[in-house]
Amino acid sequence: MLSKVFFLYFASVIVLTSSLAITRRNAMHGVLYMLLMFFHLAGLYLFLNAEFLAAVQIIIYAGAIMVLFLFVVMLLNLREDVQKSRFIRPWIIGFIISSGVMVIAIKAARSVEVVGTGRWGIKEIQSATHIGAIGQELYTHYLYPFELASLVLLVAIVGAIVLAKKRLK
Amino acid sequence: MTLANLRPMAPELILIALGLVLLMLDLICRKKEMLAIVTLIGAILAFYFIKGSHGGLFDGMFIADLYSNFFKTVFIINLLLSTLISVKYLDTERALHGEYYALLVFATVGMMTMASAGNLIVLYLGLELMSLSIYVLCGFLRNNIKSTESAIKYFLLGAFSTAILLYAISLLYGSTGSTDFNKIANAVAVMGAGAALKPLLLFSVALFVTAVGFKIAAVPFHMWSPDVYEGAPTSVTAFMSVGPKAAGFAIIGKIFFVAIFGLHVEWVKLLIPISVATMITGNVLAISQTNIKRMLAYSSIAHAGYALLGILTADGDGLTAAMNYMLIYMFMNVGAFAVVIMLRTEDFAGDELKDYLGLAKTHPLAAFLMMIFMFSLTGIPPTAGFIGKFYIFTALIHSGQLKLAVAGVLISVISAFFYLRVVMYMYMKDPEVETPVSDSLYLKVALAISVVMVIVIGVFPGKFIEFAKASLILQ
Amino acid sequence: MVPLNWYIWLSGVLFCVGMFGFITRRNLIIMLLSVEIMFNAVNISLVAFSHYMEDLTGQILVFMIIAVAAAEAAIGLALVIALFRNKETITVDEFNEMRG
Amino acid sequence: MTLKHVLIPALPLAAFIINILFGKAILRTKAHWIALIGVAGSFLCSLSALSGVLSGHIVNEDLFTWITSGSFKVSVGFLIDPLTAVMLIVVNTVSLLVHIYSIGYMHGDKGYYRFFAFLSLFTFSMLMLVMGNNFLQMYFGWEAVGLCSYFLIGFWYYKKSAADAAKKAFIVNRFGDFGFGLGVILIFLTFGSLHYSDVFKNPAAFAGQTIMICGHSFNLITVIALLLFCGAVGKSAQLPLHVWLPDAMEGPTPVSALIHAATMVTAGVFMVARTNSIFVLSPTAMAVVAVTGGVTAIFAATIALVQKDIKRIIAYSTVSQLGYMFVACGVGAFSAGIFHLYTHAFFKALLFLGAGSVIHAMEGEQDINMMGGLKKHMPVTYLTMLLASLSISGVPGLSGFFSKDEILWMAYAHGGGIGKFVYLLGAITALLTAFYSFRLIYVTFHGGFRGGHDKEHHLHESPQSMTLPLIALALGAVAAGYVGIPHILGGHDSFAHFLAPVVGEAEAHGSLSQEWFVMISSIVIAITGILAAYYFYIKNTKIPEGIAKNFSPIYKILFNKYYVDEIYDVLIVKPAYWFSGAVINKITDAIVIEGVVNGLPTIVEWFSRRLRKIQTGIVLHYSMFMAAGMFILLILILSKLYTGRF
């Protein structure tokens, strides 16, 4: 019961902060609401016995990505943009589509059942610690995606420099 | 694990090494043409290694089989041709070199990863590797408003489609308990008829169609492509009009024909309106275009529609035909873009339709090549384009979709209107301006390869059809 | 114990919130934020599936998504900067140089 | 299949490509060398192919398959059997000689390289036509030779008459080709294949089948045969589609010799012989072939009697001789038809080239009334043309005699009403043939020159490059027939035996004495015709004028070619023009032309412009479309689950 209450708290804060984040006129406020949301998401992950992911969520999302966003928001002089209306004209269509998808998603997920058959039950994870379990999987079974991710990051580094460098050679 | 164990992924490894070398070489090498040559050498080396690449690695995450090798062949040839047409173009646009080639190479690695993915996670990472590289390539002329605009458009919508793809993956994972294609296929097979009653599974099928539809620019997920094709540097447009599209078809084979083939009745029902709408929209909208890059963008939308028709058969013949279509499409499309690039010189954009007026008089060879590519895109025998369409339509007819085949033929008649208009402009009108053309050796090599392949496939299609047939995963 | 479908609901709702932001907001940076929201929505369902299936694949994917999201954010923000340099705005519907 | 077989068509094709690419810039007046080498090589290869066939080596292989889809297969393949071998020899010999001849004839023409390029292309197409092992290849060859003919008739496109003639040939041939095309489609639908080997394996199995057309049922095989024959009628200029051939004489004379006498126009005969196993199953079709041939033969011969233009006389003679060949085919004596095709190629090409030589000397004058007495000025031309005329008239010992006699005998021996009828037509035609051939000779070469003094000074024998081919062809006109001496004259009828595996042997129901009768009567006929011509045009030159005056209606009808052109003009061309002028232009201009031809694109373009508006250039709209698309897909796929419907 208590867990449900906690879930409801986290879930409602997540939905609320995300809704706020996307409706703020000032991007800065949006980013800050996002930060709040990420912390609650991390809480939710803890709930799901994913301590490592919770930490990653905070370190990378809150600590890195959102800071990057903040940098950019502050770097750009957005005074004029803030004055403009927030939504594109037929926003109501967007609203209808989004809520339609939402209804379908909720309806579709009404009765979802899965069976815990994998080898990483709560007990196993606890005995190996979550970080240990993830590490074991990541560096054995999922080594290839892991290496690929490094390539993606390399491309991101190169690409960001190419795009944001000030002057052409 | 020794290096020899990695033989199946030798082409990828070579290309990754090539990308890294290019990044470093950029710092020490003054003559930027060297970079292109190194890229070509590396790509040819990788191409050479495709042939002996067989087997799975990393617990089936990486699978090098004939199917993936077919697409890798397409991707590497695409890389080669794009590199060849870029050399002079980058010079004209005064763009940075090292990063450009490295990004081309990394994008190709991404596509190859997608084609040989055995797992949705790998597929996702390959897709991201490809997409991120191409976002950057689109915005490569970062002082050019069109280029950056096309990049942001592609980026935003691409990120949206990635989110949709991830949602689809998560739901598929939730419904089948795995991200491995074969395991998903097994799980779907176990469900049997019940698979079509699982809402989350169906939900994910629709999302997959959306995400893949975005990659291959199928209506209504196509809207990025005209803008992006127009704005991106032309060499990148040539690259991305083929690469991501072929990669999209590669993952269609992986996802739809392997993982969720048990649901093929459902996804075929979704793809039918999409493919028809794609053909109609692409062809109809191409008619009123005045910019040739934009026209080719709409034409590439239409071609995705034809290739999708092959997918609709949900059988091996159709997939073969679609794969074959991609191979053919690469040569004719890159060829057409190469001619467009040929017209781009220091002070002449050369991408408006009226720039082609009387081209036959001023530059007969360029006009002749363009005519062959236009004929091929229209599907006039004996060019390769006819072969592509022929096999798509016969595959459709054999699978009993006669109505769709007739619709496809009728719609493709419309396409003659705007392709042949280019030919008419070149041959029957008088030139308005004296247009210079660039005379890069690399560009000429690319043009020669494309035109020879268009003719050779058109005249001797047997070998290529066999090649595509032999590459099929499901027989 | 919280039922699995609650998580999936939350994921779906969050995804649609992100989607709504993405398809209606004119501010480029908020659009990027919306994409992040969508990614996070997916993450929730992945972690939840993973937890309930006692299988770590989902969490590995989440890990990858976070890494790639960082990469995408970097590129996206770099693009925003490049665009802002060219046009002095980040209102997305003013980028309509190419149309038709 | 060996290299030599591939080289037969490949060499002329290569010559064409080289000439069209480099002719204008590099080769110019040397263009003939490339073409000559190509054709000569091809000729040698076909000789070797012939010797292969003679030693029993028959080739039937697909060279390469273009596309396959189920039983539908588009392939290029060669069938080299006796029939093909004969055609190869005919085509290559005449083509080679015409190439040589053209060096002199076309000398100094500004389209020199173009001319040789098209000659090579034509040779290639014709070779592909005769060498094909499937109907599709024959069809493509058929269209390709038609196209080459079109280009070459209109070679001097700046001459209005040449351009018109080209257009006419093209349009008239469309009628025939349409039927041929339908026939090929019907063959595919019936036999499930287009390969000769599949189709001819057992066509009798389909003999009883019928096909419903407009509510009536017809014999399937008859329909196929008649459709195929449609194509032959067009290509071989038989009634009623003969009108294009005389006009085609507007092209350069070597073209007339090669395309419109020796090779392309005989493609119809070749096709009928090739598909003989279909034709023999349908007595109706055979009768149609025989009667069409016979009537055309006499019809054209009568016209030839009174024509003044030297080339037109020979053109009508060609039409008439082609009729003979169809008579042979129609009575089942396919080998006799091919035999005549083969001998005819030599003497008819010779006649044309000789006429070309005369025209060359006369500086373009083609009216025989303006000539006369050319014998002493151009002895080689005279002698060779005389031999050709003797041959075509059927004077014993020359090749035309053997082949023509064979046909007449076969027609006679065929028995039945049809056989007797066509024999009669053939015999009368033979008389007329001898007459008009020698009228040509006498008026042109004998007597005094009527073209004025100025011209007489310029008269000269043609250069060697032109006379050599004449001599070579004259040898053919004399000796070609000796491969088919009939039994009755102590020969072995080897030609017919050679072709027998392909076209079968015709049965002759007749006794030896009847055969002698036919032969002697045809000799008598030939001599009579020649003597009559001698009497009319040498002895008593007043008579023709008198006849023309006294029988002026008949003369006029003949001179105006039975007014066929005029009838067509009134019945078809004028109504078509009127129809297009009054009906299409005026009434439906706004609706049909505007609506369909211009309108469809306009509508599509209008639609296109409207649809473009959706593409606003604003990413948010694009993403909204994507989301909407996704939403619709979700509804589509899930509605089944919730409502049970899809």
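Note that the chains are named A, B, C and D in the order they appear, and that numbering of residues resets to 1 at the start of each chain.
The criterion applied here is as follows: a residue touches a chain if its C-beta (ideal position, glycine included) is under 8 Å from a C-beta of that chain, and two chains touch if they have at least 3 such contacts.
Since the model is a prediction, treat every value here as computed from it, not as a measurement.
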Any chain that touches chain B and chain A: C, D
Chain located farthest away, centre of chain C as origin (C-alpha): D
Chain centroid nearest the full-protein CA centroid: B
Inter-centroid spacing, chain D versus chain B (mean Cα positions, whole Å): 49
Length of the line joining the C-alpha centres of chain C and chain D, rounded to whole Å: 73
Whole-Å gap separating chain B and chain C, where each centre is the average of the chain's CA atoms: 26
Chain centre separation in whole Å, for chain C relative to chain A (CA means): 7
Touching two or more other chains - residue numbers and ranges from chain D: 612, 615, 617-621, 623-624, 627-628, 630, 634, 638
Contacts with two or more other chains, residues of chain A listed in rising order: 88, 94, 97-98, 101, 104-105, 107-110, 112, 114, 117-118, 142, 145, 149, 152, 155-156, 159, 161-163
Overlap residues in chain C, where contacts from two or more other chains coincide: 8, 15, 18-19, 22-26, 32, 49, 53, 55, 57, 60, 64, 68, 71-72, 75, 79-80, 82, 92-93, 95, 97-100
Contact graph of the chains (line, ring, star, complete, other): complete
Interfacial residue positions of chain D with respect to chain A in the complex: 618, 620-621, 624, 627-628, 630-631, 634-635, 638, 642
Contact set on chain B toward chain C in their complex: 120-121, 124-125, 128, 132, 135-136, 139, 142-146, 148-153, 155-156, 159-160, 162-163, 166-167, 169-171, 173-174, 177-179, 200, 226-227, 230-231, 288-289, 294
Complex contact set, residues of chain C against chain B: 8, 11, 15, 18-19, 22, 28, 31-32, 35, 38-39, 41-42, 45-46, 49, 53, 55, 57-58, 60-61, 64-65, 68, 71-72, 75-76, 79-80, 82-83, 85-87, 92, 95, 97-100
Chain A-touching residues of chain B, taken from the complex the two chains share: 16, 23, 57-59, 61-62, 94-96, 99, 102-103, 106, 109, 113, 119, 121-122, 125-126, 128-129, 132-133, 135-136, 139-140, 142-143, 151, 174, 177, 199-200, 202-203
Complex contacts: residues of chain B adjacent to chain D: 152-153, 156-157, 160-161, 164, 196-197, 199, 202-203, 205-207, 209-210, 213-214, 219-221, 223-224, 226-227, 266, 269-270, 281, 284-288, 382, 387, 390-391, 394, 398, 414, 417, 459-462
